[in-house]
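Data block below; observations after.
Chain naming follows the written order as A, B, C and D, and within any one chain the residues start at number 1.
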Amino acid sequence: MSNLDEENNILIDTVREFCEKNIDEKKIEEEKIGKNMNSLLASQGFLGAKIGDKYGGSALDDTSYHIILEEISKYSPSIAMKIFMINSLYMPAVINTEYESILSDVSSGKVNVSVDFMNDKYSLDYNSNVSGIIKNILNPDSKNIVLFDKKTIIAESPFKINEKDFMGFKGLKFGDIELDNKYNVVDDKNRKEDIILNSYNDLSAIALGIISGAINKAMEYSKVRTTFGAYLKNYEPLAFKLSEMHSKENILRSILYNNLDKYYTFNFAMDSIVEIARFSVNIHGGYGYFKDFGVEKFYRDAVILKSIFYGNEQLRQLSNHVYSEKLNFI
Amino acid sequence: MFEEYNDYRKTIRDFALKEFTDGVAAKYDRDEEYPDDLRKKSLSLGIIDMQNPAKILIAIEELCRIDAGLGISVTTPYFGAEVLMLFGNDEQREFLNDVYSGKYILGLGVTEPSGGSDVAHIKTTATKKGDKYILNGSKMFITNGAIADYLVVLARTSNEEKPHHGLSTFLLNTKLNGFKANKLEGKLGVRATNTAELTFNNIELSKDDLIGEEGKGFYYIMTFFNISRIYVAAQALGIAEGAFDKILNYVKSNEIKDENTMFGIADISTRIEASKELTYNAASYLFKFEPRPQLTSMAKAYAGETAVYSSEKAMEILGVNSLNENVERIFRNAKIMEIWEGTSDVEKLIISRFILKGE
Amino acid sequence: MFEEYNDYRKTIRDFALKEFTDGVAAKYDRDEEYPDDLRKKSLSLGIIDMQNPAKILIAIEELCRIDAGLGISVTTPYFGAEVLMLFGNDEQREFLNDVYSGKYILGLGVTEPSGGSDVAHIKTTATKKGDKYILNGSKMFITNGAIADYLVVLARTSNEEKPHHGLSTFLLNTKLNGFKANKLEGKLGVRATNTAELTFNNIELSKDDLIGEEGKGFYYIMTFFNISRIYVAAQALGIAEGAFDKILNYVKSNEIKDENTMFGIADISTRIEASKELTYNAASYLFKFEPRPQLTSMAKAYAGETAVYSSEKAMEILGVNSLNENVERIFRNAKIMEIWEGTSDVEKLIISRFILKGE
Amino acid sequence: MSNLDEENNILIDTVREFCEKNIDEKKIEEEKIGKNMNSLLASQGFLGAKIGDKYGGSALDDTSYHIILEEISKYSPSIAMKIFMINSLYMPAVINTEYESILSDVSSGKVNVSVDFMNDKYSLDYNSNVSGIIKNILNPDSKNIVLFDKKTIIAESPFKINEKDFMGFKGLKFGDIELDNKYNVVDDKNRKEDIILNSYNDLSAIALGIISGAINKAMEYSKVRTTFGAYLKNYEPLAFKLSEMHSKENILRSILYNNLDKYYTFNFAMDSIVEIARFSVNIHGGYGYFKDFGVEKFYRDAVILKSIFYGNEQLRQLSNHVYSEKLNFI
């Protein structure tokens, strides 16, 4: 990572040290991200990584923000997702609106906020009332939630939550909400697409962390586990595949931090993540199927991340982007 | 060979649709609890007919198509029965009737913590002492381990130059002193099935508990796996079909017509069709007692990969709509298909060995 | 259904091994020349029996396993015959005997320069003038185009609202005035086969040259492709097997035992087994007149991809040793399997359409 | 390609202009690289790209050399292979030996040289005579040929050549040689592995050119060809796949010129090249199968390049490299 400078490297060390000391993902998945963890994340400036300092945030540049997302994802994709939802999705929706002052309570961990990714349908009336069902939302226990209708709106708590169990980003609460709430318009346009487009590199950083966490688990295991009288790493088909995946991890890191076109980086991340996480589980044999070994969570979160953020719509955007480019040849 | 059972297939499917509702499947998945009531219900309907392997195969496929956690749970209390059927004495085969009737739950104890797929090097010992055997050791990832009444157990009875020569199989009553089962929790999928770690601490086995001949255990277990693999292929096939059902349902009810999704449907359905033909073809040889282990391994490896592929594609095509426990559960269930009873890697070595030998 | 022909299979294989030697195959490949002598030899041995589609399928598979360029060349002089057989009048069916006997070489003229797989929008016209039709237009990539005595040609006879309603099929004598064939050279593979671009300049066809009814040509051709696709699947299967033979031969004679190569062998052999079962299964429905077009398309698409996969793997596993024209020729031949008679993309749309319709 | 400077960009333009004007790959494949082309390549300084100026070479740095290989490969993989054999394989074997003065004639295009990639077996006797068969050699019509036995040796012409037709890098002659020639030792070690290892980035540059040439053909075709009433680029499965391949092309370019670990770059290049070249042929339908459309050559050369230079041995090297690295995590 020669493209990162001294300051970046100090940040990497700091985040790793924090994670080593404070993050027990198994516990987080069981108990959800609680008050203590929120305070810890806030005190490190992670919750408000991109939020301006007038709201108590860290106002970090992109590289630093990506380092935080990557490093935390290696330990806890759930926490990274929480930070991402605040900084990459919620903040861009509320900044420069009457809601931006809430960012203080967000960066200090006092309140949760959320964004509805689903293509849910709502009914809005003239009394600023929104009704309908929000399905499958992360962080339903929020102060308010950004919804994308024809306009970009914010629904105000309290919410009637039907909490559900869910196997991805399990550190966050998850469920459906029966809406019958007040709302306010924060933008006259539906900003979903533009907000997600702007977050491609952030998502790639989370993907990189998941990939890296999974591969490292697998490589470590391949060095200590024996079968048929030899270490796993001495079985060439496994070693070759792990090494190829490790190459891809480093390529993704290189293009992310070298700031290659975000469409390419995101496509590469989404193209690699599931295969890598899946194979990292496989390497562990039966143990990989159990939570205790801390590898299956990467597979779950990899698939869920891709399900939420990468589909035909994103491929269409990539394709439009590519076909509108001047080709580098002829 | 399988088309003649179309009515039976429908009976099974109707049972699964009625009993394995989304709510029920989600509950057992969440609670990681064995569905003993469903096992009993399936028994009372006589759904599993151990005398007819083709019907077993179909039942497994159709049940897993609706829910693999429950489907495997109700078809697995007989796990290991073929060892007794093929190699047991009269009394042991007699005993099987109580397994088929549901009085007893059976299981198979082969895999060990350090061993994985490396069966020849297991460390559990059954040391002869007079006309008894003293069983010591531990087993890992044992399906039904904490609910089984009896287990077919593989243990070392002697140290031979070739490690697989010194192994023997026993029928172990789990009520015996020295037996301990520790239910393993936190599985990614098939969470309704029961999985346990076992410890054997000086368990006294009588010589009547020996299955077949001493020293032939490795061969018995390999023979068993050559049979049971076909049922894993059927589990995987069912899961792949179940995932595809979700995709079709989603595509139809949302009137999705874009070509990329159409290509996805073509790819998935082609792989499922190939899995089905590989599985049925391998099974048809096996069930007329002309096993072709490489075909069985191909079926298992290919169907296992297809289960994972289809369920991941379901997550991808349904996108945010897949964050529904009745879809994402399928993808979590699928993964085990590449792992148990020989990882896909082991299958590949079996296939290449037979291919190179064969020509 | 295919096992009963094992003796026939051996006859074909022996013929191919004897006649399609490496030297002969390499020569025709280099020279891009049609092997008319081999066609005649195969005729004199009665290798192709058009009355028995199962035998045709086996012949194609076994011949292409040894060399696809030659194998396709000797089995393709009948290309298009099914259109006459199914839809022609008595006289036209009578004429087929001269095709089967080898007196005439037949071909099929459907694809056009601008059209590719888009059959409904062909531009060649056959304009009625009295009791004649005047044929004008051009065709592209026509197998046997420059050597055929007769061609089954698709042309537009009227302009209908739905473009595929105005098409008709004709039996065209290539000696007629206005016919021109330009042999296309520089193919990547199957270079022994003859491929041409055709131009029709005011060719006068009599009404007796019409095959079946006017306006039904599109349906006839689609019916034909639903049959001929299975033979493409057999070509692809043969190529995949041929590539795998090279791998096995190399691995055995060099005593290669590393596990990565073993995994490769397992993967390739599994895909070939799946291709074989898909092909034979689809064929068995087709040959008892219960065609299931989606199964045929699956077989063709899957076997085509497997041919390419296996031959590329042969190049990879043999490494520098693959730079031998008798190995790299296989990989060049394989590619066409994903292209002709409907690219894999078209197959995928067919599959998904049937799947979505079917349930 | 923000990592390339002004001078690099001028070089790119120069090479492209040269190629546009002078390279007709179809003709090259039919007539082989002849005298005229050799002179042209020499006069541009391409033949001796890395050769020092005392031997009339251009003494270029790696980036410039890679630009030349990439750009020329887009037009003629055969010419790029010729340049590569001289600069990446032959020169490292002879430099600092009595043979290095031949480099003058090599960089001026007067003589051909070659290197035997095959694991051929030779017999050496005490009279400096080497016998045996060299199979499948590119450029058999060479002044001398580097052979890898226990030592690194050079066999001297004249050679008894059995020329063969061959479908990869067709601009070069190809064939077997019946050896009964004088030889000299240039190194006491067999340097094959180390020479090829050092050429990973050079091979990646050729691969990048092949990939780029193939994709550009396919993308151009997808914009002008219609089927079923629409341009190919409007069929999403095709457009998406082309766009994903185009992403990979740009990723490869980024990591090559940013000088990421050469093992990773080479693995990525070899992992992508065949699929991309194959799909570029597919896009062209029946036309893709014919030489006239200039795309099938990329598929041929892609497969051959990989067959020669990437197999178990290289995967083993990658794997050893990866497992000997300090992991970036924990």
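To be clear about the criterion, a residue touches a chain if its C-beta (ideal position, glycine included) is under 8 Å from a C-beta of that chain, and two chains touch if they have at least 3 such contacts.
These numbers come from a predicted model, not from an experiment.
*Asks:* Name the chain whose C-alpha centroid is farthest from the C-alpha centroid of subunit C.
*Replies:* A
*Asks:* When contacts are scored as defined above, which chain pair ends up with more C-beta pairs, C-D or A-C?
*Replies:* Pair with more contacting C-beta pairs, C-D versus A-C: C-D.
*Asks:* Which integer distance in Å separates the CA centroid of subunit B from that of subunit C?
*Replies:* 43
*Asks:* Centroid from C-alpha atoms only, then distance subunit C to subunit D, rounded to Å. What do you get?
*Replies:* Once rounded, the distance between the two centres reads 35 Å.
*Asks:* Where the centres are mean C-alpha positions, what is the separation of subunit B from subunit D, in Å?
*Replies:* 51
*Asks:* By the touch rule stated above, which residues of subunit B touch at least two different other chains?
*Replies:* 258-260, 262-263, 345, 348 - these are the residues of subunit B that touch more than one other chain.
*Asks:* Give me the residue numbers in subunit D that touch at least two other chains, ranges are fine.
*Replies:* 235-237, 240, 312, 315
*Asks:* Can you name the residues of subunit B that touch subunit A in the complex?
*Replies:* It is residues 26, 30, 111, 114-118, 121, 140-141, 184-189, 258, 260-261, 308, 312, 315-325, 328-329, 331-332, 335-336, 338-340, 343-345, 348 of subunit B that touch subunit A.
*Asks:* Could you list, by residue number, the parts of subunit D that touch subunit A in their complex?
*Replies:* 1, 3, 74, 212-213, 216, 219-220, 223, 233, 236, 239-240, 242-244, 246-248, 250-251, 254-255, 258, 260-261, 263-265, 267-268, 271, 312, 315-316, 318-319, 321-323, 327-330
*Asks:* Mind listing the subunit D positions that touch subunit B in their complex?
*Replies:* Where subunit D meets subunit B, its residues are 235-237, 240.
*Asks:* Using the touch definition from the top, list the residues of subunit B that touch subunit C in their complex.
*Replies:* It comes out as residues 248, 251-252, 259, 262-263, 265-267, 269-270, 273-274, 277-278, 281, 294-295, 298, 301-302, 345, 347-349, 351-353, 355-356, 359.
*Asks:* What residues of subunit A sit close enough to touch subunit B in their complex?
*Replies:* So the residues of subunit A touching subunit B come out as 117-119, 135-136, 164-168, 226-229, 235, 237-238, 274, 278, 281-282, 285-286, 288-292, 296, 299-300, 303-304, 306-308, 310-312, 315.
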